[in-house]
Every structure is written in C-alpha cells, then in structure tokens.
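The first chain written gets the first letter, and so on, giving A, B, C, D, E and F; residue counts start at 1 in each chain.
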Amino acid sequence: MSNVVVQNIERADADVIAGLAEQGVATVHEAQGRKGLLASYMRPIYAGTRLAASAVTISAPPGDNWMLHVAIEQVQDGDILVLAPTSPNEDGYFGDLIATSLKARGGRGLIIDAGVRDTADLKEMQVPVWSKAVFAQGTVKETLGSVNVPVVCAGELVNAGDVIVADDDGVCVVRREEAADVLAKARARTANEGDKRARLAAGELGLDIYDMRGRLAEKGLKYV
Amino acid sequence: MSNVVVQNIERADADVIAGLAEQGVATVHEAQGRKGLLASYMRPIYAGTRLAASAVTISAPPGDNWMLHVAIEQVQDGDILVLAPTSPNEDGYFGDLIATSLKARGGRGLIIDAGVRDTADLKEMQVPVWSKAVFAQGTVKETLGSVNVPVVCAGELVNAGDVIVADDDGVCVVRREEAADVLAKARARTANEGDKRARLAAGELGLDIYDMRGRLAEKGLKYV
Amino acid sequence: MSNVVVQNIERADADVIAGLAEQGVATVHEAQGRKGLLASYMRPIYAGTRLAASAVTISAPPGDNWMLHVAIEQVQDGDILVLAPTSPNEDGYFGDLIATSLKARGGRGLIIDAGVRDTADLKEMQVPVWSKAVFAQGTVKETLGSVNVPVVCAGELVNAGDVIVADDDGVCVVRREEAADVLAKARARTANEGDKRARLAAGELGLDIYDMRGRLAEKGLKYV
Amino acid sequence: MSNVVVQNIERADADVIAGLAEQGVATVHEAQGRKGLLASYMRPIYAGTRLAASAVTISAPPGDNWMLHVAIEQVQDGDILVLAPTSPNEDGYFGDLIATSLKARGGRGLIIDAGVRDTADLKEMQVPVWSKAVFAQGTVKETLGSVNVPVVCAGELVNAGDVIVADDDGVCVVRREEAADVLAKARARTANEGDKRARLAAGELGLDIYDMRGRLAEKGLKYV
Amino acid sequence: MSNVVVQNIERADADVIAGLAEQGVATVHEAQGRKGLLASYMRPIYAGTRLAASAVTISAPPGDNWMLHVAIEQVQDGDILVLAPTSPNEDGYFGDLIATSLKARGGRGLIIDAGVRDTADLKEMQVPVWSKAVFAQGTVKETLGSVNVPVVCAGELVNAGDVIVADDDGVCVVRREEAADVLAKARARTANEGDKRARLAAGELGLDIYDMRGRLAEKGLKYV
Amino acid sequence: MSNVVVQNIERADADVIAGLAEQGVATVHEAQGRKGLLASYMRPIYAGTRLAASAVTISAPPGDNWMLHVAIEQVQDGDILVLAPTSPNEDGYFGDLIATSLKARGGRGLIIDAGVRDTADLKEMQVPVWSKAVFAQGTVKETLGSVNVPVVCAGELVNAGDVIVADDDGVCVVRREEAADVLAKARARTANEGDKRARLAAGELGLDIYDMRGRLAEKGLKYV
C-alpha cells in the first residue's frame, strides 16, 4: 500500500469528537486504559489550544512535502493532518502558505513527527501544530508517499479517521471505533473527579480519600 | 533507608527562604560557589515564577506515583515537593488533582525529574512545576518508595529541608544549614551589582570596570 | 588565528539588513537556496522577536566568558553577538549585566551555542537570545579566545559581518557579500506569495495552483 | 485488547525466514520498498549476528517484566521476542536467567525498546539482543500487559508472526504475508548486484554503470 | 567543602571488594535493593572487564583536568578514580599519560561523567574506563576542584571509599559500610540462581518455577 | 557555489599525511592548538583503525546519495570522503557497493554526518567509516549537491584537500596548508612524552614532574 491516496475514510461522530475535546489528553488517555499517547517530544508551537479532530494521515518521504498538498484535498471540516516521515528528520514541511490552504478547507491543525516553520504566522492565524521541532529547513517535491494509510507517528499507530486529541500536555490518538466508548468513560471519570477535587481542596488527604493507609502499611511503609 | 517516611524534618528560617526567593537562581548559584544547579533539562511548565521553598523529597519507583500521596501529608506551608524516580522515566506523576491537594496544604509547587500533566490546569491554578518532560502518561500505585530521604534529582543531591530556589533559569538547591550564609553572600553580590549595572548602562566597558586589559595582554591577546 | 581580536570588520548595508529582518528566517533561507540555517536546537528565550543584525563573532573556551567582555568593545549599533564555544557545553556565559553593557553599545542580542541565564531579566530588558540551553551555570575568566574570526555556530559557518536573521523559527546566517542579492530574491519570493495566499485562502488547492496533478500521476500516485 | 495472550499465531514459512536471514537488513529493507526499519538507536549488544525469526510480541508496562515470562511459554523454535513498553524507559527487562529459558524453548533472541542486562553472559550464551540501552536496572512483576498483540516497537508496527530480520545494521520487520514476496525481490536484487560489484571493483564508475551523467547535466551540475 | 583534598579515606575490606567483583553489576544492584546504578550512558571503552574497586572521587571544573593529577597521589592499590565535572561536558580529561601514572600507582581504572581519549592505547594498556563520551578534546589546568569529597556522578552519589562495581552492563556504587552485607546478599542470590538456571535450561517455565499462574489469572490475564 | 564539482584540488604532501596518521587524533588535536575535532557522536563502525587522508568533500541533500557517485570520480589514491548533509538526518547514504567502488579508486574510507549500512560487509572489506549513526534507511537520487566545496561536518569546517585524521578517539581535521607545521609540532610533543611516560610508569607523580604543587597551593588547595 504505497503511493496511494485513500479518498473515502470514515470519521467518528462529530458530537463524540467535540466531547473528547472537552475532556483533554490526560483524561482521555486514562479513560482508554493508558494507551495512545504520542511521544513527549511532540510539543505545541504555542500554548492554550485544546482540540479533537479526525486524522487525515500522511506518510511522507524525508524532507519532501509533496504529499501535504495531496492530503489537503482530502481534508474535510473538522479534520487534522497527521504527518509521519518514512525516515526521521526535522525538516520544516509546513508553513504559512499550506496553513492558509488547510484553514480554508476547514482543517484544524497539524500533528507532525518532524519540523514546522513560520511559527509566528501560524500563531497569529491560530493554526495549531504539535511537532518534534521548529525548523525552517525547506523541503522538496520529488518523491511520492501516501495519504490516509495507517502511519506510526511519534511512536503510536494512527489510522485515517482516528480521533486526535491534543492540548498543552501533548497528543493522544483514539481509535475511531472506540471513540464513543472512550468518551463515555472519560465523562464518568471527570464526573467522579469533582467530588474528590472538592475534598482535596478542603485539605482532606488522598491517603484518606482513596483509603491507602492500610495497603501502605501492609506493603511495609515505615514512618520514622 | 528504603520504604520510610521521615516525618520531622528541619527547615531553614522563613525569612531566609523569602530572601533567597528574591535573589533568584543565577545569583544564589554564584553566591554559594557555583554549585547546586539541577540539570538544564529541568524547565518550568510556564514562565514567570520565582520562588524559594523547603524541600519535601520523594524517592519514587519508575511510573508509580503512590509516594506523592504519602508525601503531601508531610507538606507544611512553604514547602515544595522534589521527586526523583529510582529509574529514569518521563511518566506524568503529577496532575491537577494532586496539585489541588498540594495547594490546599500550603505546598508551593513541584520539582520532578520525570513528567507532569494537566499543565494548562496547573498554570491556571498557579501551581508551578519544573520537570524533565510534559507527558500525560499515567502511573500506577503498586510499589513503595520513601519520603524525606536524601535523593539525587537531575544530577544534584537534595536533602529534606534543603532550600529550593527556582525561576525561569531553572532550579538550584541550597543546603539548609548554609542558607543564611548563602543569602548574605547573595545580597552582598546583588548590592555590588547595582553600581556596575549603572556604569555598564552608561556605556562603560566591562574591560575597564573589571580592569581586564592588562591581564588579557599578558595572556597574549592580540588586536589586529 | 587564535587569541586575536579583529577590530575592523565590514558590515552589510543597513537598509539591506533592515530588509532582511522584514523577510524573516524561513523566507531568507529559501531565497538563498536553502542554506545557512543553524541547528533546530537554537531556540529563542522568549517568543515574538524578528531581527537582522551584523555578526560580531566570538570563539570562546568552554565555560569561560572572558571573550564576551572583549567582544562588546567591538560592537556597533545594529550588531549581534554570535558565540561558539571551542568544546560543547551548556554553561551560562551571558546574563543581565553583560546584557546591560551590550544594550548600551547598541547591540541587538546574542546567538550562543551554549547557555544563557537571567532570562526573566533579559525578557524584561528586551534583549533577545537564541541559545542551546537556559542554564545558570557560572563561567570563569581564565583562557583566551578570539573575536571576529570565522566560527562554526550550531553547525553553520559564521564570519564577522555576516548578517544574522533570527525569529521564532530559529536563526539563519547570510553571507555579507550576498546579503543584497538574497534580499532581492526574498522580496521577489514574498511578492509572489501574495497572490498564492489569496487563492489558497479562497479554497483553491495547491495541487491546482502549482499544477501538480500531472506529475503526480506520472510518478504513479493512485487514488483509491 | 489489553491483558490478553494470543496463543495461536501464524508464522511465515521456515524456508522463507531462512532466506531472509541470508539477505540481511539493508537488502530486505530496500526489497520491500524502504519500509520496516526500527529506529537507529536499536543496537546489537555484540557484533556479528545475522538472523531472521518470527516475532512473539510483548506489550509490557514500564519497568515490569512479568509478561516476558508469560511470553516465553508462547515461543516456538525459531521465534524471537519483540518487547515494546507502554511508556518509554531503559530498564533491564531481560538478563541471563530469562535468556536461559528463552534458549531452552528455541527462541533466537530479543528485540527490546528498553534495556537489557547480563550482557557479558548473553554474549557468551550467544543470545543476541537488539536494544535501546544496556542497563542493569531491575524490574518488578506487578502489572499485566499483553502477548502477541500488535505493538509499535522503536517506531515500527510489529504484529505477532511478522518476520524480524536483524544484523549489525539494526532491525527490520517484514509482514508475515509479504515475506515470500519480499524474499523473491531481495534475491533478485542481490543477484543483480553481483555484476555491478565486479564492475565497481574493477574501477568502473557508478556514474557510468548507472548512466547518470546525462541526468546530472540536465539537472544543472557544473564541473569547475 | 571546596578546593580540598581529603587524604585519609576508609576503604572496604579487600576480600569484600574482590567478592563484589565476582558478582557483577546486575546482581549487586539487585542485592542492595535496586539502587546505586549510574546512568545508562556510562559505557566501557572496551568490552570484557569486570571489576570492583574503592572510589577516589574527583570534583573537577568543566574542561579542566588539573585535579586528576592531584587525585593520583591519593590512589592506593585497588582504587578506581571517579570523576564528576561541576558542569556537564564531554571533554577528554584522561588519556594514556595519566593512565600510565594511574596504573603505576595500582589504580584499576576510571569512571568519568565526561570524555576520555587515547582509547586504543588504554585498551592495549588494559586500563578500563567507563565514560559518557569518547572525545579527544583537550583540557586546561587553571581552576581547582576537590578530591575525595562526595560527588554526584551520572546521577548517583559516590563517597570516597565507596565500592565501585563495573562491567559490560555499566557501573554500580555500593556504600562502603554496606559492602559486606551487600556481598552476602549477592552471594545468596547467586547460590539461589543455580538451581533455577538448571530448571530453566531444561525447558521448565518461569511461570511454573515462580508459581505465577494463579496471580496472573487473579489480575485478569486472558488467554485467547 | 551550489551544484558544482570542483575537480582539481590541492592535497597535502603524502609524507606529511602518513606522518599525521602515526600521531593520531588526540596528539594532532593538541598539536594544532586544540581545534579541529568533529563532534563526539562521530564514531567508527569498527575499532582499531588509525588513518590520515585528504578530504574529498560532499555537500548532499538529506536522504539523497547521488553526489556520492559523483564524488568517487574525484577520488585519488589516499583520499577520504567527507559527507555533510544540508539538513540533519541519519539515512544510510553508503553501503557495500559504493564502498567497493571507493576502494577500487584508492579511497581510504568515509566520514559522514549521517548514517551508514552494510557495516558487517564494510568491516570485512576493511573500509572504515566514522558516522553519526548505523542505519539501513535507503536514499534517493533526485537532487543535486556539490563536491569539493567547503562543508561543515559534525561541527567543523572541512575544505577539500584538508587532512582528516581519524582513529578510535574520533575525527580531527587539519588545514592542508598547516599540515606540515602541525606534524612537526605533533612529533615534538610525542618525543617529549617518552621521557614523561617512563617517569610516570616508574611511579613518579605528575604533580612533581610538572611542578604543580606550588601553583596549587597558591590557588588555595587545602589538604585535610
């Protein structure tokens, strides 16, 4: 499956995606059993964004951004691009011109296991990017890749149509078919946290709220 | 000394701690003879904080945040948690719930040679953290560690009750018993800098203020 | 050529330098044939600056900032310091006092393949620095280096008087003698982008604007 | 699909696997279209091994090697273990005792995106390991993982039963169902190389053998 | 305690040290409760050495090897040098001349959280070194440090006279006063492993030897 | 100066080059004033080589090894290839086929700030390579670069015809026009070391041979 563009991909329900955005990365990651986190080196180019969107995936040759142009045609409102290079590099595949195009198509941003440039412009345009590097290094348009095939991005498998949740903590991927279930679990988790937060804020200890003292003693913790 | 919680630790004088906070990391580090800096990878999750606080130390197993709950019971107003894992990892030991608890106990923040999550919430709550990584990776509560034992955090030895000074430049540890002396030296240093700053601001050169020209010539510096 | 200070260096035309500042790193890098970028680890200590300035270069021993004082005497209005250590390290060669002196001489900032400290002060003073690390580690004044000799900084050769362009994307060096030509090419490039940006913003695809479909098909791209 | 052990996995044909071992990593990677390479940080603990084997995959919690024991029961003659932790770490999951057990079951070695220990013993026993680190850090047996589920190891997706090819160049994964086809292509490639090698050894240039001069001139290469 | 040389240090019993050498890093680390490992980046310059020796510690300025000469006078037969720089660097503090001197004094080798050079000579001389880097970068002799004070080397606290155990797996430090006890525990551990190794070599599974099946089932492991 | 091949380069005298090979990296680096070392991450793919050779430089696009073929035509007996990519990457530009060609032309090996593959074959062929990575990742032949232009390789400027000295310690570059002078200084240094080595081997201390005690005392070193 190389040098292909998969045109019709399934996406999760828009309400589910919106719900996941509210929950954020840490909660969603816990709710789905502590899986799906991209590597910690994937950092936002500016702070303060929290989003969820459907992945349009790109498998691109190193230092070659041709497939970005191909991918944008496949973007629908509410999608996010996820680019994984076929060999590690930090080149700046994405800048303000492509971002203009992405935004015009309703794209929400970019997850890229490589570099990005024109970051001041992207911040002004409010096109968020999570990347391995900020680097202006230019790319070529010589070699094909693929769009909407499964990719491994920053250590995690991402399929086209999977839900990407991203915020200041990083990036998490949720399988499209599990998205509704994960949202339900995340909401349950959040609901459950309200009471605990209030008790903790009032000075009660986690040791007591979670009833940990007995098990700690049993394991042999000694107070001196 | 494993699996222990040391309950009564000595702390430096509150006025000394407040004084060190005013001086900041770079000055304190110089004043105590250029020692005590944690590794440069320890970065604040948001800019603009300058603090000093007494260390409540945590030696924690990799990917296991149980001891954080134990440690918070030991926190007094004006303390800061210092967590060193027993094996390197980037897991997110600390998030908004534990931060709520820490804040309720008067804790000032966290120094962690691992990861942190819920960073947007922590910024909003103004609970500063200096960490090796921002990473949402969840942790377990299975294995004991220790609280208030000496730990090596990001390359520096930290004892319970030592003073932690932290700002946008990073983190510095001051031995509790040296804190008053270091503060005095830091203040002398700062006092001494005012005049120099004024002269430098007026365009006078360091070469002249510090009388360097002779020694440079003697060492063989050539102007061409 | 060691232990020398070159006193009279040529600089590019001030208008050319100002013009390059407007263009920014990514455009200048492309305009000069995709060369001259310093490594991606060179990051600004605060966001939002875009500048161009003439390089006053410093070759300094590891952990020894003596030559910074020597270099500042050579600084003219519109210059920027470029420090390359002779052995890799992250020590904090530069802080608020030297910054005060640099600013008084009309210096615009610092590019340093090592560390910097007093970053909160530098932000307040608006003295921008692009560095490998933020680290308060103090330095000594024991060993000579050179000023205004060619240096390799973060992987790129920089000659005294070359033009440094720096912004949130990183740092690019332009040869002094090529600066006017590069500016002309950068302006042509920017002029050319306005129309494309408008068309992309209107939803037209890069695939069509750049007429890529034929070549993609020829190379074997398959839509499925 | 968490906390499961998949017991019956399909493997590639033994002759195909043996054939791939002869071809080695670089050739197999090229033959399958330049895909499947694990990250370059995966290095052999001793030089000189070249092998191919069927993957028995392990998804293991950080710093917890319980699943290794579970996995060994699933190993058949000619298999290799592939361990991917669910959070990055360098702990020493594997040493001489487990290696003894693995060898007794016919296992050929280990691919691990973490650490290994007892490396001198493993070399003596001729149990090859490709790992991210050599590190004696002990692990616990507290938390479940899974065996023979798809894992992402050092940036590549590996399914149970996929063929692992490993040598001094690193590690490459071949999909089980593509293995025979990849072997055929690799053999064709190797056959084709014999003649070229002889001509190159005789001093003929690649420029001529591959007929590159025209295209180089066309692209604008200038000899000066 | 800076700029001092502590002349009379206590060492562990020679028989205990010899016993620890036989046990090796992984066993000693386990026997003392999984502590004391230096960071995994500390690698031997050549494979095949296993030793234990008493630490003569050096706190040295970055890029300055003066204190090595001072330290060698303090070396007794069976000691090993442990050098920790006061700021991170990779400079080559140690080469064949100093190694000649060290060997003449009965020193067994060097643990250095920085660089080493003349590695081919050192291998020929059989002077083993565990270091962060191999790097020929020369050092100066300008600034004092200390000898036989506590240092943090590659993340672990080392006191003068502590026992260093080092082999192909890396480096472990054992407190002098705990050395005899750790040796006893290591020997018990090793004795206990013989039977297990035989059973594992005969094909019996760790699952059965360690009686893990019940607890795995209880935790919820599912075979499919 | 892009997309050019410089055909006639000057080389240092063959005797001088042979002399530098005998001296090795550490001595040559010292003899020329502690300059010219490539970064410590440049490691030999196998131990035991010591060589000096004239640089044939290659500026190559990321992941594109076309220029290697062009460069080999420029190789004369006693040359070494030095490849610097225009953007950082680890791709395997060089393998056994190109090595066969290089060897047939009298080339001595390769210095590459990227990756290499077929390392087992290269070791057998005795074609030494110093590289940033061992990585089988294939490259393309699409974009031009240059041959025999100045390049920055692993942090050091290398001109065509400069002398490369490489051994197990790493790689050092000597300017062609300084080579004879550096050799003379290196020989003087080596001659001078024989006596010192004998005295050190006999147990005399560097403190005494180099007469350091007075200056140490003067700087304030205290023995306790």
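Convention: a contact is a pair of C-beta atoms (placed from the backbone, for glycine too) under 8 Å apart; a residue touches a chain by one contact, two chains touch by 3 or more.
The structure presented is a predicted model; accordingly, all values stated were derived computationally and were not measured.
Traced through touching neighbours, the fewest hops from subunit C to subunit F number 1.
Over half of the residue-numbered contact pairs of C-E are shared by just one pair in E-F, A-F or C-F, which is A-F.
Put simply, the C-alpha centre of subunit D and that of subunit F have 31 angstrom between them. Between subunit B and subunit E, the centres computed from C-alpha atoms are 28 Å apart.
Along subunit C, residues 34, 37, 40, 87-88, 90, 137, 143 each make contact with two or more other chains. Contacts between chains, counted with the stated touch criterion, involve the pairs A-B, A-C, A-D, A-F, B-C, B-D, B-E, C-E, C-F, D-E, D-F, E-F.
Only residues 2, 33-35, 37, 39-40, 86-88, 150, 152, 155-157 of subunit F touch subunit C when the two sit together in their complex. Of all residues in subunit B, those touching subunit C in their complex are 24-26, 29-30, 34, 37, 40, 43, 47-48, 50, 167-170, 172, 193, 196-197, 200-203, 205-207, 210, 212, 216, 219-224. Note for the complex: subunit C touches subunit B at residues 3-7, 46, 66, 69-70, 72-73, 90, 92, 95-98, 100-101, 103-105, 115, 117-120, 123, 133-138, 141, 143-144.
Across the complex, subunit C is touched by residues 61-63, 87-91, 137, 140, 142-143 of subunit E.
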